[in-house]
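The first chain written gets the first letter, and so on, giving A, B, C and D; residue counts start at 1 in each chain.
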Amino acid sequence: MQLKRRKMSRGVAPALGLLTANLLLATAALADPLGPAAPPPVANANINDDTETDLGLTRVDSAVLFYHEANGRVQTTEPMISVAFNSEDGDVLSVKLTSDTLTGATPNGAAPWKQAQTFTTPAQAPGSTAVVTSASGGSSLVTLPGTGTVVRQYTTPAHQLPTDTGFRDQRYAVDAGYSMQWSPESRVSIGGSVSTERDYRSGSINAGYSRDLFEKNTTVSVGLNLEFDQSRPYFGTPTPLTVMSGDAKGGNKSKTVQNIVIGVTQVMNRIWLANLNYSAGQSDGYQTDPYRIISVVDPVTGGPTQYLYESRPSSRFRQSLYMGNKIALGPTFADVSVRAYHDSWGINSITAEINERIPLLSWIYLEPQARYYSQTAATFFHDYLVSGQPLPTYASSDSRLGKFSATTLGLKLGIKTGSTSEFYMLAENYKQSGKSTNPNAIGDLASENLFSGVNATSLVVGFTFAFR
Amino acid sequence: MRNTRIRGRVSGRTLTALALLLSTLTLPACGALGVKPWDHDLLAQRAMQLNTHPHITACHEHIYFSKEGSSGGRTFDGGGCGCN
Amino acid sequence: MCPDDDLAPEALTAVPEGFRYCFQAMASPCEVRVDTSDPDLARDLGRRAEAEVRRIEAKFSRYREDSQLSAINRSAGASITVDSETAALLNYAQHCFQLSGGRFDITSGVLRRLWRFDGSDNLPTKAEVRRLLPFIGWRRVSWDGSVLELPKGMELDLGGIGKEYAVDRAILAITGVSDCPSLVNLGGDLRVTGPRRGGERWRVAIESVDRARLTDGLLALAHGALTTSGDARRFLLKNGRRYSHILDPRTGWPVVDPPRSVTVAAPTCLEAGLLSTLAMLQGRHAERFLRTEGISAWWVR
Amino acid sequence: MPASTPFQRDGLPFRALSVIPRRSALAGLSLAPLLLAAPTLARAAPAEDLLHLDSYRGKVVYIDFWASWCGPCKLSFPFMQRMLSAFHRDDFVILTINMDHNRQRADAFLSDQNQDGLPVIYDPSGQIAKRFGVKAMPTSLVVDKSGVVRFTNEGFFTDRVSAYEAHIWELLSEKH
């Protein structure tokens, strides 16, 4: 029986390709004959190899900062705790509490001199009879003859940077924020914060929007922040450039700060994530430090003739361009960033940072950190004013406004205690360095160390964990 | 924003111009960079996030804000404390 | 290609392009070339490929008494539920049967009882062939996608797709665990995972039909697979007429005047194998089939 | 019959020819998933008509591209597990395609999720994902009974699970 000679259908090859693919697809779905490639998967080979996410988890992160400046200067202890509630779709509600205890001596702005110097500050808050009882170490209460007002006086020995040890402060701050996935490609966030200390209050609100482009390789974001601060000096706000005295001063002063940050985060390649931020901030209102003074010195000897309360402009426009990079080099992760900053007070600065996170074992890593910073002086920065010369409109001797550079060297240690929990610790030294003696300073000031930068060590100890 | 802003010296304007130039240049170029969505394995690592330890970043912001003239960059710069 | 002998001392040998892992399976010398400088990786990938090839051989070779296929062939008409892999292969064979107008038929294996292609001239008689035809024909098999009933006396033979399927599966076994460029070659049916490091192409030797010249030319291959049908060693010669070992299952007789060998390139080994077999089954019209289908192929008349 | 001529192709003596077919065997061929890159010059067919999953004709197919490092992917597995048990094997098939470069991590992920039910196809080089123009992780494609990709879900959001499920019901209710 002769089978009918059916002609072979045309288009065999294309159909065959399809059939083959289906076959391989169907059979490929079978278990791999050899089973998993290697011995049963070991816990993450190294601690950096961790892609756990917080989706659907509540994350608690607590840390304490111990900050200590050399030679008796400022010292703070700052515990903080945050709780973040993560939904499974990326919405995050977070609250953070911070408290900050500050003690120690703060430079009062006067220049050192070859003789001891005595400074007089008010002891009674304006309109109240209460007297500062415990004038902390080194200062004493004196009743001025004639006026009968009680003032606080403290003396700085010769050749020493005048500092006021009368500072004790307790600050409390609450930050809250909510961010949500607005659409598969975009996120929005809103937030606010309140911070109070005995002589300063601050409140801010912020909002942000970010959008993913090019299959999430690029994220553009914009953030706005509006802040309202109120300076409430213990003994009222002194009139700028008036003589330092024990009299009660004026009332409180406030300022507003508006900020915008525009950022682009770009995946450069599989191991490199770059982030470019431009931020601009305008602050208007009272920006002077009510407790700081500036020495007016004798034009010949350089000796202090009087002390004036400092004065700063009432507006400041700041801009900075920041580029951060995260690079995965083999098992280590590098974080390299640079920032250029400029503001309307004449301060230009360059900051460069590098952190290298090196995994030691599967549960521990070390992260050496280094930072270099250098800034130019503000236009109105002076170590001192010269008696007899016309007073400038603005003048301050605050080292934060002077020309200096600083290096930070730190080491962070991370210990993984669970799939989503980690103990972390960072020890760091931050050292500012500037021109200590100024050869062409007036008279004997040339041999005094006018630089009042800090040399601080800080230790942060923290523990974070998450639960469903 | 009150308009009595002190005129920044030239370098202020150049910084703004530089920033705008950079953003206009980088954005279109961004399209060419990047990896396939399934090649984000290293980028998804926890250690690759821009802010792995928020509290440490906050401590740094606080210290540097109160000891230096500049601030900001990574996040909002802002006072929040009458630190001195 | 690897030495034929079974006693290859160390399966892994270094070659200019990296490493070559040799083994014997499916009655032919097999090699896995891995473009890497890491011998352990090469040995691991080689072993994976070999394990997959042996698994398929153990399951689907009709020469192995303990194979599933042999169990099916002994079922004498009983209904057998087959596992999903066998089902997928039977579906595939069924589609190929329909596509080829009945020319590709996995039930034509019984013809081997009559035909011995040893270069001699002992052809079977027409009567002997006619007596065997009732036991050939996929249409006689009842197959509903999971249960098979093979009539008594009939046999299945995955000869046309077994080796090619093993090559494709071996490639999957490799690409499943590594991006390392590799080549799997089972007795001339070969496939690459992709271009070699640096985008180079693989150089592959094609065994020609002319026994005198071992290799005929080199092919450079960056993607896909290559198979060759036709074989200089298996034919019959009777009063000047050459009978190739390609049998038309519908007639039980060798195909008339096929090319001596056809080599086809395609994305997968299965496609290349099927297309070269189908081309040979066209006999005289092989070249026309290859051209009209736009198949990239090389043949020798 | 002329003596055996060397391999003959377009009359060119055959030397080290690269595999450049005159008219590629794959021209117009609709490659279903697992076809790796076609020979060099073949045009890649557009992603849409690629998915003629012939052997799945008559079934709705849910294809999910995932990786161990992707947070939302982990959330999609319980959903897929539920869908697998919700519909009959003859009507509904789930295929998951793993994009991990490191197989160990994929297997570690699967053993954590104790996912033995869901078939996994390993695609470390992203061939399949490229063919389907995957733009996000995870991406799930819902294919109707005649093999056309009807829904593409980029990302996985738990508050859209009912929408994902509705897609499947819709396609199941269509006549094939």
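Assume a contact is a pair of C-beta atoms (placed from the backbone, for glycine too) under 8 Å apart; a residue touches a chain by one contact, two chains touch by 3 or more.
Keep in mind it's a predicted model, so treat the numbers as computed, not measured.
Q: Of all chain pairs, which one counts the most C-beta contacts?
A: Maximum number of inter-chain contact pairs occurs for A-B.
Q: Taking the mean of the CA coordinates per chain, how far is chain B from chain C in Å?
A: 62
Q: Using mean CA coordinates as chain centres, what's the gap between chain A and chain B in Å?
A: Each chain reduced to its C-alpha mean, chain A and chain B end up 12 Å apart.
Q: Taking each chain's centre as its mean C-alpha position, how far apart are chain B and chain D in Å?
A: Here chain B and chain D have centroids separated by 41 Å.
Q: Report the inter-centroid distance (CA atoms only) between chain A and chain C in whole Å.
A: 69
Q: For chain C, which residues are shared contacts with two or more other chains?
A: Those would be 88, 91, 95, 172, 176-177, 266-268, 271, 275, 293-295.
Q: Mind pulling the residue numbers of chain B that touch at least two other chains?
A: Expected reply: 36-37, 39-41, 44-45.
Q: If I count partner chains per residue in chain A, which residues reach a count of at least 2?
A: 13, 17, 19-24, 26, 28, 30, 37, 51, 53, 215-216 - these are the residues of chain A that touch more than one other chain.
Q: Which word fits the touch map of the chains here: line, ring, star, complete or other?
A: Basically it's none of the tidy shapes, so other.
Q: For this entry, which pairs of chains touch?
A: Those chain pairs satisfying the definition are A-B, A-C, A-D, B-D, C-D.
Q: Provide the residue numbers of chain C that touch chain A in the complex, in ascending order.
A: 48, 51-52, 55, 84-85, 88-89, 91-92, 95-96, 98-103, 133, 137, 165, 168-169, 172-173, 176-177, 250-251, 266-268, 270-271, 274-275, 278, 282, 289, 292-295
Q: Can you list the chain D residues touching chain A in their complex?
A: Going through chain D, the ones touching chain A are 25-26, 28-35, 52-56, 68-72, 74-75, 95, 103-105, 107-108, 111, 119-121, 135-136, 154-155, 157-159.
Q: Mind listing the chain B positions that touch chain A in their complex?
A: 1-2, 4-9, 11-12, 15-16, 18-19, 22-23, 26-27, 30-31, 33-37, 39-50, 53-56, 58-59, 62-64, 66-84
Q: For chain B, which residues are in contact with chain D within the complex?
A: Chain B reaches chain D through residues 36-41, 44-45.
Q: Which of the residues in chain C come into contact with chain D in the complex?
A: Of all residues in chain C, those touching chain D are 88, 91, 95, 171-172, 175-179, 193-194, 201, 203, 206, 208-210, 216-224, 226, 260, 263-268, 271, 275, 293-301.
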